[in-house]
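Would you mind keeping the following structure in view while I ask a few things?
Each chain gets a letter, A, B, C and D, in the order it is written, and its residues are counted from 1.
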Amino acid sequence: MTISRREYDFQAARHRLEGKAKSAGEKLTTIDDAVARVKNGDHVTFGGCLFSRTPLALVRALLRRRPTGLSISRNLMCYEGEWCMVAGAVDKIVTSWMGIGLPWGLSKIHREYVESGRVPMEEWSHLALGLRFRAAAMGVPFLPSLTMMGSSLVDVGGSKIIDCPYTGEKLLAVPALFPDVALLHVHRADRFGNCQIDGYPHMDADIARAAATVLVTAEEIVSEEEIRLHPDRTVIPGFAVDALVHVPYGSYPHECYGLYDADPDHFSEYVDGINRHGAAGVQAYLDRYVYGPPTHVEYLSLFGETALADAGRRGRELVS
Amino acid sequence: MSGHAHGVTPNELLAVMGSRELKDNTTVFAGVGAPMLASGLAQRMHAPLLTMVIEGGIVGPKWKPGSLPISTNEMRAAYRAQMLPGITDAFLLAQRGFLDVGFIGGAQIDRYGNLNTSAIGGSYDKPKVRLPGTGGANDIISLCREVIILTVHEKRRFSDTVDFITSPGWLSGRDARRKSGLLFGGVGRVVTTMGVFGFDPESRQMRLEALHTGVSVDDVKTNTGFDVHVSDTLTTTKPPTDEELEILRMLDPARQFL
Amino acid sequence: MSGHAHGVTPNELLAVMGSRELKDNTTVFAGVGAPMLASGLAQRMHAPLLTMVIEGGIVGPKWKPGSLPISTNEMRAAYRAQMLPGITDAFLLAQRGFLDVGFIGGAQIDRYGNLNTSAIGGSYDKPKVRLPGTGGANDIISLCREVIILTVHEKRRFSDTVDFITSPGWLSGRDARRKSGLLFGGVGRVVTTMGVFGFDPESRQMRLEALHTGVSVDDVKTNTGFDVHVSDTLTTTKPPTDEELEILRMLDPARQFL
Amino acid sequence: MTISRREYDFQAARHRLEGKAKSAGEKLTTIDDAVARVKNGDHVTFGGCLFSRTPLALVRALLRRRPTGLSISRNLMCYEGEWCMVAGAVDKIVTSWMGIGLPWGLSKIHREYVESGRVPMEEWSHLALGLRFRAAAMGVPFLPSLTMMGSSLVDVGGSKIIDCPYTGEKLLAVPALFPDVALLHVHRADRFGNCQIDGYPHMDADIARAAATVLVTAEEIVSEEEIRLHPDRTVIPGFAVDALVHVPYGSYPHECYGLYDADPDHFSEYVDGINRHGAAGVQAYLDRYVYGPPTHVEYLSLFGETALADAGRRGRELVS
């Protein structure tokens, strides 16, 4: 498993960006229109981290289009990666870690697909993957680092060691990762796509600059005035955003800092399905939660108002 | 020059001609003075969806007419901004390819659009005149998709050679810029108080493409320190309109920059 | 093992012994479970000015007793944090040298403190068991000034060789780590449910330096997949005190991690 | 003029940091105690930018100690650089630009000292200097960039060109700059040194991570609780700060975003002194504003309450 040139080709990535309109105008659209920008074979990066601010509404809308041949990357891949595997959407997964968390043990789906060689997992250290996005965000083909040196991980993706031109020391040249598409979920944005995130930023700001196409869902659409009154809260500029969709609870049952807590009981329900039926359990879950609900409102109704309100209460408590 | 004949100041002329170079749905890296006024004018004339990025680490400000900044890093420059990413990250947006156009000027400019804002005469270490330095000019001309030079037209500025290349245009011409490692961008236009220059796509030498009303090719030659190549399709620019001038004077009523 | 004899669980033993390795006025890169409890305990025992940095991009949280995080990137992990720099920048603090100690564990560990959390058996591309992967473990062991491994002591974990070096300890020993380009840090201690290991300063091989009460060297040898070197100055650790255990059980009353 | 090894020696810089206590404890002290940490010959970096959030109180306290042999760096150097020249404190100035701004023309002091060769100016592009601090903040000896390539600036500091190990393209390896000391002024901090900045961050966060010793003045000292309620506003962690001083109007007559505007009339007064008396004008200014006032309160009284109140009103208006 080695990186492909298109992942780190900074000239091609720059030319794609130069060829695009960088508009200060309207970005609001429907979620189906947004994900229609993803082509089979694209490299798609998901924002957030593990079960925090995962762009689940966008992932669901994307999977409803039954895409194939995707490469997907995320610093810590949660079960949305399992969805993509079982849905037959992915040829390669780029991450530093895959699972849900301690209480749920090893991911049986991750094991099944990778151990059988059906979907290769390209493994990078957490920082190295972060630096891959940052190098791309900076428009350079690599960034030097001391991480991963000496480990077996250096060879996994095919990264290279260089000699520092000043000190002569060895450094890992972490190759850039320019995704074709970024899927992100943020707290608020104005209709022009200027995005603000509360709490931990994860890697979203770098991913938005790294990707050729940026699709964003926001918990709240606020006025241009509100953004301009707090410009130091903005982390993604409107001209970098291709499509924006207003999706409250857009990462639920994953958490959104300060707005709602994650729903671990739902994770357990999901894992129970796998423990009982393996991949078929995921398929049943996809049918019920991903392919089934025609709208986001109907998706949320599967959880019920009480659960949503409770997650909201817990989420607000944890930051007050 | 006509500009003046019609009571148009040099900076008004530069701001108007500069604004006409800007397209809608693009981004512009703009400094203080004429570049800033050109951008603000374009937004009000034909490019409402143009976003300004300012060296101080400022994205999408809506400057307050009559309260224009005197530097690229102060509250007036950030007035009603959409984002304040910081200086390094603002330039990195340009390095990534998010900046379509950049405006810069310079104390010395040669036929290839190379600019000197560092040191004139003597040696670099002990120059006759030490200028302030590059600031972000080198970054803007190195990293934006296209750079437009805005400058008053004086013989001492349009010099046969520059003593120091602070901001690289096309260097020694042809593919020298690319060969130097500057894989992107380049100088597209030089807008002066006498006319508008482009560059020969082969030699990358400056070429007069348009004259402002009332300016002759001889006027330009007399005020240029190197041989002036003239385009076969030389045109004359449309003089600043009343609407354009009114907007500029609304933006800068005290004529701080006009 | 004594721990259990005294009603002390393996994680309580690891948290207590881990906490005693932490000094005041330092920083620690801590993950969920025992490392997190060890850090919280140290802050309440002898290191009130210890700052925790969490993989999720979290600096200086004050976790809510009874509401401990199950991941390093969720609101419980960020509870009352002092700073939320983001994941990449949190690791860069470690690369710069701001992180004194890091805690990690692993499914496989060899005599040089190399850890495998990636793949066991078969080939890396088609392994017998695909583990979750490094996450930040590789970064922590590569970039912190010193790493302390916290792990239950099982023969299958303490293996003669690791199938894959996810997190580099001393590699093949002696100066192999430095030669590989890892100019800083290294594994200082391996704290297990049976005792505490250090590393021979020359060979960089693991060396038993202390046993927990009631554990014998033979117990350790029987449960270790490689030859156990024993320090000439082998000691016995002080068992967890009631105060230490009370604090741990106050932090995690539901015994989610204890 | 070329860079010295200690500027980019990431191993030495890391070992200095490893040798320091990284305390979560008290950082509050007096300004004289803070600047006593600066040794003759140190490389000192000033935060802020031009006449925005310049750590002027710290610079004044430093100059009162009559330091010598300093190297100073700042991305856009305002007249504090002229003070250091005339005070005989500096052997080298590292910046991308030096002056006050358009209305005040070229700096006569800058010209006099550099043209005569008395104080060399090492010139970097604005981004390149920013990347020098960022490389140091990241703990690496250099960062790759496309800027400055082809220009005469490449040779000024002695920076090197490398070949990308992935694409083969030429890139400028911008060398790290690890200052001995950073002087910074921020909006608020708790007594443990956790610092928050409003508005544009300038390069302060990178500088704080790059330097071996970090001295901070803050407009306001807030409770630990206030910092912990808004952790996503914190840009410098307490354990990175060596000394913290409470100095309201700590950058006046330069601006502090949202709190007070700059005082251009004072700049003109300063420049008039130079136009009339050259370096002696700066000396007179130093006597009156730097060496003269024994306390910050007495310094501020030289401006008068009306001027301070007016700057505050303008500053608040510009962000509302």
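By our rule, a contact is a pair of C-beta atoms (placed from the backbone, for glycine too) under 8 Å apart; a residue touches a chain by one contact, two chains touch by 3 or more.
None of the values given here were measured: they were computed from a predicted structure.
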{"item": "Most widely separated chain from chain C, with each centre as the mean of CA atoms", "value": "B"}
{"item": "Chain centre separation in whole Å, for chain B relative to chain A (CA means)", "value": "40"}
{"item": "Rounded Å distance between chain B and chain C, as computed from the means of their C-alpha atoms", "value": "58"}
{"item": "For chain A paired with chain D, centre-to-centre distance based on mean C-alpha positions, whole Å", "value": "37"}
{"item": "Residues of chain D touching at least two other chains", "value": "11, 138-140, 145-146, 169, 171, 199-201, 231-232"}
{"item": "Residue numbers of chain B (touch at least two other chains)", "value": "78, 84, 92, 95, 183-184"}
{"item": "Chain-level touch network, classified as line, ring, star, complete or other", "value": "other"}
{"item": "Pairs of chains found to touch, sorted by chain label", "value": "A-B, A-C, A-D, B-D, C-D"}
{"item": "Residue numbers on chain D that touch chain C, as the complex places them", "value": "11, 13-15, 17-18, 21-25, 136-140, 190, 192, 194, 209, 227-228, 231-232, 234-235, 237-240"}
{"item": "Chain A-touching residues of chain C, taken from the complex the two chains share", "value": "32-33, 55-58, 67, 70-71, 73-76, 78-79, 84, 86-88, 91-92, 95, 118, 122, 124-139, 142-143, 164-168, 171, 176-177, 180-184"}
{"item": "Parts of chain D lying in touch with chain B, wherever the complex brings them together", "value": "1, 49-52, 75-76, 95-99, 101-103, 106-107, 110-111, 114-117, 120-121, 123-128, 130-131, 133-134, 145-153, 156, 161, 169-172, 199-203, 205-206, 255, 257-258, 261-262, 264, 315, 318-319"}
{"item": "Touching residues on chain D, where the partner in the complex is chain A", "value": "5, 8-11, 138-146, 160, 162, 164-167, 169, 171, 173, 175, 198-201, 229, 231-232, 320"}
{"item": "In the complex, chain B residues that touch chain A", "value": "25-27, 48-51, 59-60, 62, 78, 80-85, 92-93, 95-98, 100, 145, 183-184"}
